[in-house]
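Paired with chain B in one complex and with chain C in the other, chain A is shared by the two complexes that follow.
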Partner chain A sequence: MSTEDLDLSADEEEITAETVLKTLQSAWQNERLAPEILPHRNDMVECMLGQIQHMERNINKLPKTDLRACIHKMELNRIKYIICNYLKTRLNKIEKYCISIVNEERQRTESGTNYLTPSEFRYAQEYLVNMENHLKNTVLNHVPGRMQTFEHNKMAVYPNLQSHVFLKANSTVNGIVLEDMIGDQDEEIDLEEDSQHILQYKPIADLVKNGKVQLV
Partner chain B sequence: MDPYEIEFIGENRIVSIIPNFSYDKIYLICGEFGPFRAGLPMNVPLWLAVMLKQKQKCRLVPPDWMDLDVLENIKEEEKRSRFFTKMPNEHYMVEAKLILGAASEDIPRAAEIKTIIKDIWDIRMSKLRTSMDALMKSGGSYGRLDHLTMMEINSVKPLLPAAMDELYRIKMMTRKSTPATLNTSTFSQSGSSQNI
Partner chain C sequence: MFGEKVIELLKEADRNRETIDQFNDEKIRQIIEEMHVLFKMNMDDANATTENKSLWTTVQVRHSALERNKRCLLAYLYNRMDKIKTLRWEFGSVLPPDVRELLSDTEYDWFSKYSTNLAQYMRSLGEDIGYSGIDLTENLRPPKWLYIEVLCLTDYGKLELEDGDVVMLKKNSRHFLPTSECQTLIRQGVLKQIV
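And then the complex of A and B:
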């Protein structure tokens, strides 16, 4: 994360608001369609929120009936929708796959490749604690002693990485290996630029994360 | 995703309008547009075009492809080809729906255009159903779908990936009942997420 941050701040001047918006929109789309939680794009969210604030201050200077104010407001509402929906989608995934995400995130934090923002991670941990307390209070404390332990591993829900997704290739990627379940004959396919496919999420998960493909 | 979200994405496409007012350039986050000159055509995002139209501040210029002859050709081509042909744009259905909905009086022969676009959609959807059927019968876990637009892909979304997921589960199940293999661990993982 640290190197990426440095790169970003180095050419911060060159990134236009338009590019940020495009990146954010594709991150939103990917997050909506991927079965697992993806690395956060908090840099983009923060940057866009700053833009929005700046814009809102300017709009307030305009008379209310001004056509420009209407247009700007409409655009800001569209962008806010994307941001809200993006963050909500992530929270939904965090709640659903809470245990597995917290476990995996702990390992990722050690290697510095965290997927959650610090506040998301805090939310995930608090959610887990609350869930555990709730289950203990309602059920576990009322059953015989040796059955009272809360077994994280048995409660963990994992995203189904084998589920099928639609994607569009942003650039050509060769040699994606599709496992064959029956014949042990693995198949290899190439994703040409702009081509569209339906396949399992798992073999292309990394390509989603590094932006080589876009889920549709 | 919901169809209205696909529509939302499609609304970012650039279309041409003729404003009936004059104004300076406007600097939006998604880019700068204008200057607005009454009577002169200019490009704006579709959402802005529809908004201005609703305020009766502009006329919409029909996109090049929204023309009976062009669409007739596309329809014939679509009928002839075994595969999906390339559509004039990635969001033709959204564009058609919004433009014809908000500004049908700006489009010559709007009713006929509406019908023919609907025809093209129907032909493509029936093709899509046939190829989905073939894909499932061949037990495939992979398909290539060039030239399908986002709305078309989305229309089969709960069904096709879910069916392929089930097929995969069944395959894994038959595999599991034969002597244990290395892959069973991945199955129990996907299985547990289904159960809860």
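And then the complex of A and C:
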């Protein structure tokens, strides 16, 4: 990514457009590969959107036939795709796991560690209400007496945290406990910097969230 | 046998995994009717046999059938909801009439609500920094080319591009347009990409 023409505004916060893009890319990669929803990176998205606006203005100053304009436009399209796909992946997860996400998010909001942005949370709640109403109007209100309840616990879909993921350690992490599901022989492993592994998602979930490992 | 109809319903839906078919109003009505019959029989037997426990097994079996019917009906609806969601991403907020006919009234209702909710979310994106929202449905595929060659399939009329140029889209005319601006038209069937 060429950043010469945008660095001016970004430098003030001592963070370059390039870092923002990199962070966003790894957030996107993690989000696509992790089975559950991850904490949002709205700050990065908004920062990038600001940069895009800025770049678009710069491109418009160039004549249409300028080669530079074409290359920059292409680059912008790719960044836009990343942002859109990132947000869309999150929406898909929110829709699929909406009951469990809304429940967990309520607790998380209380403790101030929310994963969703306010508008995502609003979307999730609205989606759940719409789904419930639709199922009630079509079927549940017409079935006999006690069968009419909408059973949240039976309808909830949970992400499979036991699934395996490929990952790369960004920094050395010691003492990850891998639970033994059948016996009681827990195993402890260390991740070296830049080493790659295939592991169950659950034990390393927190490491993904705090950026110590990167899913690949 | 209990629960037979509901299995038919699911099998039918399973045959067309990719596409959505006509909402089976009649069958659902029949299944709900079966549930009412079962429920009534269970109530009668349960009331009659508080002392005599010989009918309990029958009641149990009927109850399982009821639960099963309910579960399968919900699965049917849930599965269709997933498909309707895809329609929203493909066609936008207005469905072509032939697709609209496949949905029941309540489903269409749900579609509109889903659509509104999604639109509201997309509008809220980047609000804090003075953006008027992003259309997430525009960038569904990774961008490979900046411009693509397209064939126009219908007499669409004038199309104004972002840079102010106006293109006249006539049937069977060929154009070289920015990819980002013709995605929606391609999905609507106005344009076709020439590879």
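Heads up, the rule we're going with is that the second predicted complex is superposed on the first by the 204 of 216 C-alpha atoms of A that agree within 3 Å, B and C clash if a C-alpha of one lies under 4 Å from a C-alpha of the other, contacts with A are read in each partner's own complex, and residues count from 1 in each chain.
The rule is short, and it goes like this: contacts are C-beta pairs under 8 Å (C-beta built on N, C-alpha and C of every residue); 3 or more make two chains touch, one makes a residue touch a chain.
Treat the numbers as computed from the prediction; the structure is a model and nothing was measured.
Trainee: According to the stated criteria, A:193 is in contact with first (chain B), second (chain C), both, or neither; which is it?
Mentor: Once the two structures are laid over each other on A, A:193 reaches no partner at all.
Trainee: Mind working out whether A:160 is in touch with chain B, chain C, both or neither, as first, second, both or neither?
Mentor: So A:160 only meets chain B here.
Trainee: Kindly classify A:68 by the partners it touches after superposition: chain B alone (first), chain C alone (second), both, or neither?
Mentor: In the superposed model, A:68 contacts chain B only, not chain C.
Trainee: Check the residue A:91 against both partner chains and state whether it touches chain B (first), chain C (second), both, or neither.
Mentor: Touch partner of A:91: chain C, not chain B.
Trainee: Would you check which partner chain A:206 touches, where first means chain B only, second means chain C only, and both and neither mean what they say?
Mentor: neither
Trainee: Have a look at where A:78 lands relative to chain B and chain C in the superposition and call it first, second, both or neither.
Mentor: After superposing on A, A:78 lies in contact with both chain B and chain C.
Trainee: Does the superposition put A:139 against chain B (first), chain C (second), both, or neither?
Mentor: After superposition on chain A, A:139 lies in contact with chain C alone.
Trainee: From the superposed pair, tell me which chain A residues show up as contacts to chain B and also as contacts to chain C.
Mentor: Chain A residues touching both partners: 70, 74, 78, 81.
Trainee: Along chain A, where are the residues that touch chain B in the complex?
Mentor: Within the complex, chain A touches chain B at residues 17-18, 21, 25, 29, 32-33, 48, 51, 55, 67-68, 70-72, 74-76, 78-79, 81, 156-166, 178-179, 181-182, 187, 189, 195-200, 216.
Trainee: Spell out the part of chain A that touches chain C in their complex, as residue ranges.
Mentor: So the residues of chain A touching chain C come out as 45-46, 49-50, 53, 64, 70, 73-74, 77-78, 80-81, 83-85, 87-88, 91, 95, 119-120, 122-123, 126-127, 130-131, 133-135, 137-139, 142-145, 147, 154-155.
Trainee: Chain A touches which residues of chain C in the complex?
Mentor: For chain C paired with chain A, touching residues are 28, 32, 35-36, 39-40, 66-67, 69-71, 73-74, 77-78, 81, 85, 104, 106-107, 109-110, 113-114, 117-118, 120-121, 124-126, 128-129, 131, 134, 136, 138-143, 146, 163, 179-180.
Trainee: Hey, which residues of chain B end up touching chain A in the complex?
Mentor: Touching chain A from chain B are residues 1, 5, 8-9, 11-12, 21, 23, 26, 28-31, 47-48, 51, 55, 57, 141-148, 150, 153, 157, 160-161, 164-165, 168, 171-172, 174-175, 183, 186, 189-190, 192-194, 196.
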